[in-house]
Every structure is written in C-alpha cells, then in structure tokens.
C-alpha cells in the first residue's frame, strides 16, 4: 500500500506541501499513521504542471523519499499549481522506477493506493482487456499501472468518472470469475492538468482512507492567524491519503464509494459505483 | 544489444574470467569491439551454481558493470563451476533490475543478446502465447524475458533445443503476421545447472557474433606456458559474445544457424532451424 | 543509529540468521524495537569469510535491506562461518555506499552503532589524528569509518581491545576540548577473520543495547526440540543489537562498559575503559 | 575525467542545450570525442538558477546520464537562464552522489574537469589547508570538491579569479613538496548566479579542451537561417568541454592558461596564473 497527495490551487513551492506540514508526506514515508504499512520506503514520485507545460514533468525514484536529496532540491525550487506526490510500499511487485507513481499518458497523470486482490491470478485477463495500441506502453508490473491503462482503454480521456467506473466494474467482473470475493481496493487520483478527480472505493465497502481539505474561505475564518491561508487562492484544494497534521476543521473524509472533482467551474463530491465495462 | 559469457568447467573465482582476461567482459562493458554499441552500461547480471546449490544465485544491477564494487567483491570471492555473466545495452526498454539478465525459472537460467524486431508491435501477441501460469511471473518489459517464457511454455525443461526452435518459429510467425521481414536476432545461453546450450540464429542469416573456446587439451599443446590451462579440467569450456583476448587458436566462431551443448557426456555442435510452434 | 549482528560458528547460509528468525535483522530494518529509529532503511552491508578467503567479501548497498533482491540471493546461496551484517539509519551523513558498514582494511572488518556527538565540529581534529598513510583510504563521511581508521592508527591489528580503548579515549579527549559533554556512544564489532570482538560503551554510561547468545550447550538443554541447535557446533555465537526473537534463555545483555571476544581458545567478557591515546 | 557545459543567457528549456544539439552533452556521455575517456558514465549533475531562486537547484545521480529518465524529465520541463551540467568519468574515487558535480556553497556552484595529480598522496595536506568551518561540509572524496573548498577558503566569494589562482598555486606548491612534477590539470566553471567564470589551466601547459561560443550577433550573420539564434538574446553564451556540433564559426578555444568571465557588464577573456596562497 502507499500514501499520496494531490494539490490544486495557487502555485507554491512543492516543499510547502511535501515537507513543511507537521505530518507531511515525507514524514509519512517513515511514520504513516493510517497506512497498512507504517513505512513507505519502496520508491516515490512527483508529477507537476507548471506554466506553459503541456505535459506534466514526472520524477520517480526507487529509494525512500525521506533521504532523497534530489526530491528535496526539486521541492525547494519548483513551483506548481497542480501536482501529485506518491510514496510506495510494495506488496510484492518489484521496486523499480516503472512501478512508481504517478503514471503518465500524454497530459494525463494517475496514482493509486490499494490493490487488485490476487493480481497475479487475474493479471493476464486484465492485460488482454487493454487496447492493443496502449498495451505496448505498459512498462511495469503493478496493478496500479494496469488500472490506468484499463481506464484509458475504457474512455478516461473523454469521461474520467465513467471510465474509472467501468475499469472498477471490469476488475470486479474478472476477479469474480477467478473466485476472488473482494477484487478491488482503491483510492485513485487522476488529472488532465486542468481538472483533478479523486476516487475512493473498495469491493468490500471498507476503503483506504482519503481526505480533502476544507474550503479556504472557511479555513480562514477558523484559523485567522495562519498566514499561509492568506496567501492561497479560494480554489486551493488538497486531497490526501491521511491528514498532514491535526489542525481542527481542515480535513474531511471522502465518503465510502464516492469521488470528488476539483475544477475551475466548482468542486463537487458524488457517489461512485462500478459499471459493467 | 548486449554482451555475455557462459562458463562451464573447473570451479574458478568468477574474477578469473570476468576481470582478468585482456579483453574481459568488464572491459567490453566500456569498449566492446564487436557489439552494436561500444558501451554496455545499462545494467548487468551474474548467475552462478555452486556446490550443493539447487538453484543458481543471481545478482543483477542497473548501473554499469565497470564501476560496480559489489560485482568486484562477488567475483573476487565466489567460486563456481557453471556461471553466466551479461552486460546490457538497452535499445529502449527501461533500465531496471527485472530487465537485466540472466533470467531464472527454478533451476533454469537464460540470457540473450539480440532483439525481437519491432517488439512493441508484437509484444501482446507473444504475451498471449505464454502459458497463463507462467505469465504471472513476467516482471520486466524485455523481448529477452518474453523469449525465455515462450521457450518455457514450449517445453524448455524437457527439450531445450526443440523448445528454443519452437520459440524462434513462433517469434518469426508472429513477426511475419505483423509484416516484419526479419523478426528475430539472437544469441542465447541456457542452462539447467548440469548442461549448457548456446544458440546463434537470426532470421536474416546475419547473426550477432558468438564464439566457443577450443578444447583445453588442444590449447595446452598450443600454449604450453600458460599456467591457467594446467589448472583447469579437460571439459572446461567458455562461450562468449566476443573473444576475451587475441590469443591464437583459442576462439572459434559458432556457425550461423547452429547451437552447441556443453555437457558431461561430451560437447556437440549442431544446426539450428526454427520450427512451427 | 543502526542495527547489526555478528555471527561466528558452524558455516550456515546467511539467510539462516539474516532472514529466518522471527525478529530477524531484515525485520528490524522495518520494525526495530530497541533502536533509536524504528526504520533502518538508509543502506546496509554484509561481510563474510568463507573457506580459503584471506579477506572478507563485502557487499553494501544504499537502499533498504528489506526490498533488496541481491541481498536475498546472496543470503540464500552463500555459506559462512564468520559474518557481519548491518542496517543503517542515517543521522544526517549522506546515504552512499562508502558510508555503509562493514568497513574493511585488509583482513579486518568493522561495524558500528551509535555516534560521535557533534561529529561535524570534531571531525577535522579527529581526521588529523589518523595516520597519514591511512588517511588517504577514507572514502566516506561517517563517524563510524573515522573510528575505524583511528583504531587502526592506534594499533588495532596488534591489540584490538587496547586500540579501541585508545580510540575511545581520543574521541572523548577531542570532544571535551570542543565542549562536548558526552562525546561517544558505541557498540562496535571487529574481526580479523579468526577472532571477533564486540564493544559496548558510551561516555554517558547509557549505551545502545547489545546482546550475546547463550552457549549452545546450555541452549540445547533449554530447548531440546530445536533442530537448529543440534546442527551447530558448541562454539557458535551470535552478537546482536537486539534479540532476534523472544525465545527464553537465548539472549544476554552485554554489560555497560564492557567487551567480549569470541575465539577458538575460549570466549571471554571483560570490562572496557577508554585510555589516553 | 569528465565533460561539462555552462550556459548563460535567454531562459531556455535545459533540453535545448543538453539533448538537442548534434553532439550534445548527453551524446558525449556515450561518445566523447575529446575526453580522456570516450565514456562518461559514472554519474552526472545539473544545477540551475531560475526566477526568484536565491540558490541553485542541484540534481545529481550516480548512473549514466544517457539512460536517466529523471534528467530527461527535468530537462524537458525546467527553464533556466544560467545552468551547469556535468558528466563524470571517475578515475578511481567512488561513484556516489557526493562525488558528482556541480558542488554548491550558498549561491555558488562549481564544476571541474581534470585532476589533482596523485591526489591520494596530497589529499591530507590539502584538507588541512581548508578553513576548519568549511571542512565539516566536505562530503565526498574527490579532488574537485577539495579544489572548491580551497577556493572558498582563499576568498572565492570576494574575488573569484584571485581565489582560483591562489587555489591553483597552493595545489602546485603542495604537489611539488610531494615530488609531483605537474600537480594540476583543470578546466573549472564557477558562478554566483549572476556572473560565470571559466578557467583553463594545467601545470604542464597542456590543458584539457575548453571552448566558448561566438557572440550571438556574429553567429546570426554567419547562420541567418538558424531560428534558434533569433530567439536568444545577444548576451547568450555557452562554455563547453567540447563543441556541441560542427557548425562553422560557433566554437572558439579558450587559450591555455586563461579564464573568461560572462557577466552583464560585458564578457572578458584574461590570462590566468597561479599565485602563492
């Protein structure tokens, strides 16, 4: 399992979010509170959009995030208005760059926490369901990358929530064919550089934790003394596997079987149900 | 493309073969003479059998062999009577441990130099031909690993030359279906810990170089002063992508479209023809 | 801080000690119970003596031990009668191979848990105390390597306990000159391939944990059902940063300010006091 | 030995300089024409200044540049008006991040090609000459980093050309004391984020190659069809170990024993002579 965060809003140095909070993602790499594993040291990745960037830049490495100096350098010098960060705890698949999140396809970035249950048994059937033109781009061996390519096959670029629902439906169908009771466990973030979607779902109805930050306007009235809140725009939003600290009123659980979208035309939170692919 | 060597015979420190010859494999990692690339710095691997070892030990890394201190340590302290070593020059697939040779399945080790032409286009069809129970063990993204799993699917453990011939036939058939004129280019080494097979073949009839060492008995009479030759047994044999030096009479070309077997019951050199799978 | 173990006795596969115990060193890399940090993921090393080996082989890597496949391969295939293993939690110095333990000089291997307090402040003065001919061999930036080279300078190869006492005395003297109240914190293991010494000391009299295993003869009568104990010789001994499991009667604390020696002529436990260098 | 380039001028994506030229630095990592080694695969680094950056960002890795995906990502997405890039061919010191260039101290960046002759013999004496407050910041084991800390000790931040001259004088003095005939071989680049200095010198008067680009104004009249030249400002300048291609009129040798400065108040080329420290 893993931990991740997604940021959208006022351009900030990545370190503002990745390193500075009390229980930052980097802290979580050593001391996760809500993860299945307390240590997430099997690789990491950051992906960011900047001004004039048509595709996100993605930097991934196989060692732990906590000791990586290049991540520290990038976080201290790169600004972004929309970025993903992910720390990995492998549950068996190889520790290699192509298994690190986020994954990318054109403008699209994808990251995941969770698992396809008994992935080795269902991997081949899922691979067959990937569009043959996309199949050749699969480089790693994770369930997470497979989910991304299935979602792309099923229309991610036109209808993200629908494609993710069809991907989840397909994973459950194939799992059930192989006698797996609860085939899917996931929190997923995906973006095209403009909008950001985050999904929380598991076949068992007992999904990994996922939180979104309260509206900045509300936070300002709750915490009038926090200068950081004065500097960020009203539409700034964070979605995280676990809260970055204990500040009251900041973090809200994404409900079971639901998804949110962060976008210029207004954020929204909606129910999520897998669909037949 | 890549360079490799396979050793069978009197137990020696790996460094005797890997580092000490004039134009050793480590030297070839920086200055290959016959390879498609002069530099082979995209990972390496060694696999060895020792006394009482039922499976080979395999150490693989993603950096260049020439500067790797752990390889130097292992080579200077481990003895083996049967070992493989491989240095990699990636032609596009990721530089990651699971793409480094040798590959292993139980007692079996496999390494390869060459390529399946236009592998991204044919990869999916070849993947479908792998036994589903084996498919789940594929960890990397190379044509070389795919060839190994196809050969395993097609009977490698019972009939190595036949299985490799069927694998080659299948690769050519699938390639032709995709309009590839010359689908396969390969030199392959494979062992079960007792016997060692080496294949040289390409669809175009213009295969990568492969050499085997002259019988030790003959070498002793050619080079009576070489103490190394006094110390190794008569059945010691090396198969290499390119000669480890310029000593006259030592190296013999493996002919086009042929394979050799090194085994206790006597070595042999035979023609190789792909077969319908 | 770090965790380590030292083994001397019947030749075993390294994995017997490194991976198989309930709370093995590999488990400790993720879940140390007694270490200053619970995670020891900033590199690792193993060093072993085998038959006919005049120097130990040392394999060190900068990633976590728990996910390292090469360590798993080596541990599963290499036998040794005398070996060290170390997992590192950096307290600031760079995560690099030359900062991983064990360190080697000829036949001698050294590993350490602890710290020289305020090392950046005293580092230069300590470096000046190293024999100029040895100074050029310092490759890393840790206090641990510096302690090794100071001990070598002060006679480690002739009188290990005396040299370590003089090294500790020097570190305390230099520390006090710089106003450091408690300059030294250490558990150290050192071997020449025949004997093995382990030291536990700290200026404050509050040293990191260190344990040695009970005599095999006694363990056999305590745990008559354990087959492992039947297979190892009477002189087999383990020294560890923390117990490898909860089996009653197996582990004994090395007392404060003392050292032990494991050797063919009989093991011994003695008091340790720093000496003027 | 190594290869490097320094860029100052119109902000560009790093890839414009690092990857796109015919004989780019990345190409030189595999096929250097003028280097002592044709392969420079023992680590690399880039350091860049961007808008609002008070210190440069520095990303360094230990593998080859040619296969590094993170370097490709950064180069394709980061713009800079002043950056350094370096590819390393180790002549013996460890392949580790702290031995990769550029080195940094506050706003200052430093990179080097060449060597202090017989560095192991003179290393200790040179280390003693480093300001004790700076000594503690030395993390690696290269002559290049030592030269940087000596130059800092000798006034780099106040008088760069003078400090480098005194550093060179000291290296020669210490070398001669140890019986070294030609103690120093160097091309060095150093910047404070505003100005950029480049030095070419060797004790033997036979220095490694160094080139600077012709004034953009002149190049435009030489190559009126090159669109790149229309886009960059008149003060854009490149300094490189070897030309990035064969375009006539672009590259000029930095003369023996001289240095250049690139700065807003006008570039200049001057003689360089070591001075007594």
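Labels A, B, C and D are assigned to the chains in the order they are written; within every chain, residues are numbered from 1.
Just so we're on the same page, contacts are C-beta pairs under 8 Å (C-beta built on N, C-alpha and C of every residue); 3 or more make two chains touch, one makes a residue touch a chain.
Keep in mind that what you see is a predicted model, and the values were worked out from it rather than measured.
At the chain C-chain D interface, residue numbers used by both copies make up over half of all numbers present, so the two copies contact each other through mostly the same positions.
Rotating chain A by 180 degrees superposes its CA atoms on those of chain C, with the angle stated to the nearest 5. Per-chain CA centroids place chain B at a distance of 41 Å from chain D.
For chain C, residues touching at least two other chains, in rising order: 69, 94, 97.
Partner chain C is touched in their complex by these residues of chain A: 30, 38-39, 41-42, 62-64, 66-67, 69, 90, 94-95. Chain B contributes residues 50, 53, 55, 57-61, 69-70, 73-74, 76-78, 97 to its touches with chain C in the complex.
Contact residues on chain B toward chain A in their complex (touch as defined above): 93-94, 96-98, 120-121, 123-124, 127-128, 132, 135-136, 138-141.
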